[in-house]
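Next come two complexes built around chain A: one with chain B, the other with chain C.
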Partner chain A sequence: MGMKFRCERDKLLEAMSAAGRAVTSRGGALPVLSGVRLELLGGALLVTGSDLDLTISVNIEVAGSADGVAVIPSKLTADVVRALPSGAVEVTVADEEANIVAGSTEFSIRVIPAEDYPNLIPAEEPGSSLAGSAVTIDGASFRAALRQVVPAASVDEARPILTGVLMVPEAGGLRLVSTDSYRLAVKDLAGTSILGEDQKVLVPGRALAELARIIGDSGEVSLRLAEREASFEVGNITLTTRLIEGDFPNYRGLLPTGHPNKLTVERDALLEAVRRVRLLAQESTPVRMAMGPDGLSLTAATADVGKAQESMAAAYEGEELTVAFNPSYLMDGIEVTTGPEITLETMDELKPALLRSVGDEDFLYLLMPVRVS
Partner chain B sequence: MIARCTVDYEGRLHAHLPEAVRLIMIKADGCVAVHSDGGAYKPLNWMNAPNRLVVDPDTGVWRVTAPRTGDTLVITVAEVISDITHELGDDPGLRKDGVEAHLQELLAADPSAIAAGLTLVRREHPTGIGPVDLLCRDSTGAAIAVEVKRRGEIDGVEQLSRYLEYLNRDPGLRPVSGVLVAQQIKPQARVLAADRRIDCVEVDYDELRGVESPDLRLF
Partner chain C sequence: MRISGRPPDGAVGFVHVDMDAFFASVEIRRHPELRGRPVVVGGAGRRGVVAAASYEARAFGVHSAMPSARARRLCPHAVFLPGDRRCYSEVSARVMAIFEEVTPLVEPLSLDEAFLDVRGAIRTLGPADRIAASIRERVLDQEGLTCSVGVASNKLLAKLATERAKPRSSPEGPVFGSGVHMIAAGAELDFLNPLPVAALWGVGPATARRLAGMGVETVGDLASLPAGRVASALGAANGRKLHRLARGIDDSPVAVDRRPKSIGHEETYPRDLTTPAELGLELTRLADAVASRLRDAGVRARTVNIKVRFGDFTTLTRSVTLPHPVDGTRAVASAAAGLLDQIDPAPGVRLLGISGSGLADGSVRQLSLIDAEASLPDRPDRLDQIDPVVDEIRARFGTSSIGPASLARPGDPLRVRDDGQNRPWGPDAD
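== the complex of A and B ==
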């Protein structure tokens, strides 16, 4: 069946790019998943990309003249649309080709057989396990929370549980937890009650990173939860992700109850200093933080390359102590804290250190040191 | 033989190597390879066995013909610089890389690192298609075949599946179950292993060696 519609280039590009982010980069077993699915019904065009774990659908209004369904190569078509002159774009799909015309430019692109595309039922339709009532949460605070916890989630597929962000109810609000076993991030969103008392879900970090990007400046996120999947709706975009099954590590046992040593330092100054010093922390060498009454000294050294050292003012309570950290994990932690000042609480050089913003009880970043000789 | 020669190949393509000093190797199985002083393992020209080599001592022309395809390699020797023949004897085959072999050794010394109660019957237990790394017995006495890899991938699962098929033909051993052991096991390998009812166990090489890893973990 043919399909024909006309719309603004920017609008189509935005939809293609958003849906395309769920398209699998790996070839995989289903070549059709390298495409995005277009479904035109009247004036509504639904653009969907999926790798079966993550699905992103974007609904845009177009001037439709013939309804239909087609699957077009995702990256190529997005590149083509991006390269077109701005203004109206006309898309016609007939037989095995999609014609994309803007002004005097015309592209013909071979389509992918649409019947091979898996049946992904939109969240709100009957038959979807996600049909039912949605909970609404504030977009800005949810996005900020995601940006704080997602970096600590693992990207190593060998331990799938750790690639997820745990969502659990906590003191009437929502708690987000992530860990890759080297660091742990915990964020409490007070007053955001979206889960039942004993309900907990493990949402892939990759999906939440995309969600944070999609939320942008949008006001609200609607969330629907089912046993095996979760769906987030932001404006005209719906992101659906499979949930990860299994038991998240008992993170509560890792949360320290008291640290004897406490360093208080300007966040931006520390971030800049670590960024400089880490240039000499090559080949997996750590950055050492020496803390004492005189403040903080950062050093990094790589054999046969060189070393870096920087001293900075900092308030310190406790025994003099030097602790070494993986510079990337340390930077990630500092970056996701907020406010002008942060604290680093330590026990000794081998126990987890606690990073948090001064005056912010809702977020913590626990970081394991690196053993040095 | 090290010789100043020209080489002409006639087959799917025509190739001509102008006169220069080259190494010509004729292996015991009949393979002929012409090497220059570079290019690592790759010859400039070669002819796999089986082939037919005819040397004309008067003209110095060696004609190597592949009987199946009719391809010919013609080496015209202008000057022989060195010509030796040496028997290399039996080839012991490719040794596994150091870490993999050492992992096998460490696990043979302590099979309980794979699963509690496991005891070693034999290392490199022979099957009709090659030796399985470790043959063990679990606490109930059941036979367990263990394949040790650095990285557990689909190939490792396939290999162990083949061994299990053979081992399970032995009435003295069956039923034999399998365990794939590696430092890291790929998700696809895990899926295939689960499908074949093969267990997967990841082991920490440093821990087995008694080396303290600098990377401390929260759990």
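== the complex of A and C ==
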């Protein structure tokens, strides 16, 4: 089937790049999924990339002259479009080739048979379980919330449940929870009521990381939920993700009820200090935090490499204590705990420590220490 | 052809020591009746390979890495011995300790080979060739073993110099070399230029062929080519590196790192394994040995690697990097099993290997929020709690006193892997 349209290079590149982020790099069982699907209907071009778990579709306006469907290699075509000068691009698909012409440059790229492309029903179409009413969420606050919880989700495919972010209703708002079993992030979005009273969903962290990239500084996200999938619409981009089935660990049982020791420290200063000291925490060695009346001392040492030490001012209530942490997990925690001042509450060197921002009751980051024997 | 170029930098203070026919010499030292006879250490089985050959055996064309069966045909009257790696490791450690008395800058390459940077010792101990001769004497005095030593202004030249110092085999018996060969400052290019280009690091058969096609036979030929031509023929990075080596320039330091980079075991089987059950058993055996050595060394592996060689010698490797480093038998076995699952054993597996790499300090352990709560009986890290007990029992009663039950057969000793045994290299014929 032939297809022909003209559009601005920048617009096409944006669509190709966004949809391409859902395309699996691993190839996988279906070679056709290494491509993006173009569907032209009048002046609307729908660009879709998918790995079956995650699908990203971008709708752009083009000057269409022949409707049609084609699947083109995702990475190569995006690289080609990126390399073109700004200005108009003309794309013609005929037989087995896609012709991309800009000024005096012409590329012919072999297409992938479109009939192999799986049937991914767009959310808006009738017949989709996602059809129906959407709930809208404020984009900026949702993006900020996602950036706080996604880093704590696991990336270990061997523990699929932990690769998800749990969304549950909490006190009339929305609660987001993630854990990779070494740390736990809990975020409350007050007043954002998108779920039924007993409804909970487990959304893949990878999809939410992509969603956070897509959400701009303003605007809204509209969310549609179905039994097995969720779809998020941001402007002209729709992200659809499979939901994870299974029971998320009982995170409430993990939340400690009281911490005797409390360190209060300037967030940016701590972040900088950990960033410096961790340079000497190589090969899985931890960063040690020694807390006492004199403040905080950070140390890291790697055998045969060297060591680092930094002291900083901090308010501390409690018994003198040294706790060791995985430097990446600690950094992640400080990064997502926003605000000028943060607290680190501890029980002892083997119990979970709690990071919070002073005056912010809506987010917590719980972190297990590293045991050094 | 003489070429002009920048002479290599630095003082003549790099030393390369290579033990002479190390494993065979150790065997001869503990069995003096073997002196003067051809001795071959290696696997006796159908698929065994020669690990070391005495100079008497080399006169018949036997060399290391040769199939044992071929060595037997070439030299049927040789004494064939299984290897005793534990003994060789002990001797090696004592030899390395001698090097470390001279300089802390010792880079072991294997059990029988090391680089030393003696530049800092020249002021107190005299010129590098004299240091080299004294190292040689001390190894002979203390261990009764000979070694060959190369001395030069960098590692590349020192290693090449060692070849000059080596004993040679001849039909009349071994011809002892000088023992120490030094390439004096300023003589580097005279030494290097006539050597075949394959003498350089990084020149394998393929590169040598490509160079021969350009008319390059000797190191001097290569050095006289314009750098740009070498780079365009061999690739920018590789070409530049080789061109520098050909001009005697090697600024790699003696890398002191006594900690191992990886810990692993591999085994060649007398007949190819084809069923998942057989492979599973061998995997358990290797994982048990690897995990136990990780714990012994006080390290944990972040990455678990497997190596599978099929009957036709096609070799596959697979690796997985775990969220946290492991040293548990179960954890190593399950990571390796996950990798092996991706490989179809149907063509027949000749060799299986497991190793742990990305080694981290074993005393550091990331605690988990969830696992502390869960107490499911089949949690791998709970089963890891038996590892220290197994280690203690083995320390007292020997490696084969306890092990995975799947390795037990009624009436037979437990089939755990034990490097202390006089175990042949490679398998015996069945």
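Worth pointing out:
Definition applied: the second predicted complex is superposed on the first by the 372 of 373 C-alpha atoms of A that agree within 3 Å, B and C clash if a C-alpha of one lies under 4 Å from a C-alpha of the other, contacts with A are read in each partner's own complex, and residues count from 1 in each chain.
The rule we apply is simple: contacts are C-beta pairs under 8 Å (C-beta built on N, C-alpha and C of every residue); 3 or more make two chains touch, one makes a residue touch a chain.
Since the structure is predicted, the reported quantities are computational estimates derived from the model, not experimental observations.
After superposition onto chain A, the partners chain B and chain C occupy overlapping space and clash. Of the two partner chains placed by superposition, A:192 touches none, neither chain B nor chain C. Residue contacts after overlaying the shared chain place A:350 against chain B and chain C alike.
In the superposition on chain A, A:50 makes contact with neither chain B nor chain C.
In the overlay built on the shared chain, the residue A:370 is in contact with chain B and with chain C.
Of the two partners, chain B and chain C, it is C that touches more residues of chain A. Applying the stated contact rule after C-alpha superposition, one finds that A:303 touches chain C and leaves chain B untouched. After overlaying the two complexes on the shared chain, residue contacts for A:157 are found with chain B alone; chain C is out of touch. In the superposed model, A:283 lies in contact with chain C only, and not with chain B. Within the three-chain overlay, chain B meets chain C in a clash at only one of the listed stretches 9-17, 81-89, 135-143 or 171-179, and that stretch is 81-89. In the superposition on chain A, chain A positions 158, 179, 181-184, 249, 254, 286, 326, 350, 352, 366, 368-372 are in contact with chain B in one complex as well as with chain C in the other. Residues 154, 156, 158, 179-184, 249, 253-254, 283-286, 303-304, 324, 326, 329, 350, 352, 366, 368-373 of chain A are the ones touching chain C in the complex. Across the complex, chain B meets chain A through its residues 184-187, 202, 212-219.
Within the complex formed with chain B, the residues of chain A that make contact are 157-158, 160, 179, 181-184, 249-250, 254, 286, 326, 350, 352, 366, 368-372. Partner chain A is touched in their complex by these residues of chain C: 257, 259, 300, 302, 323-325, 338, 358-361, 363-371, 373.
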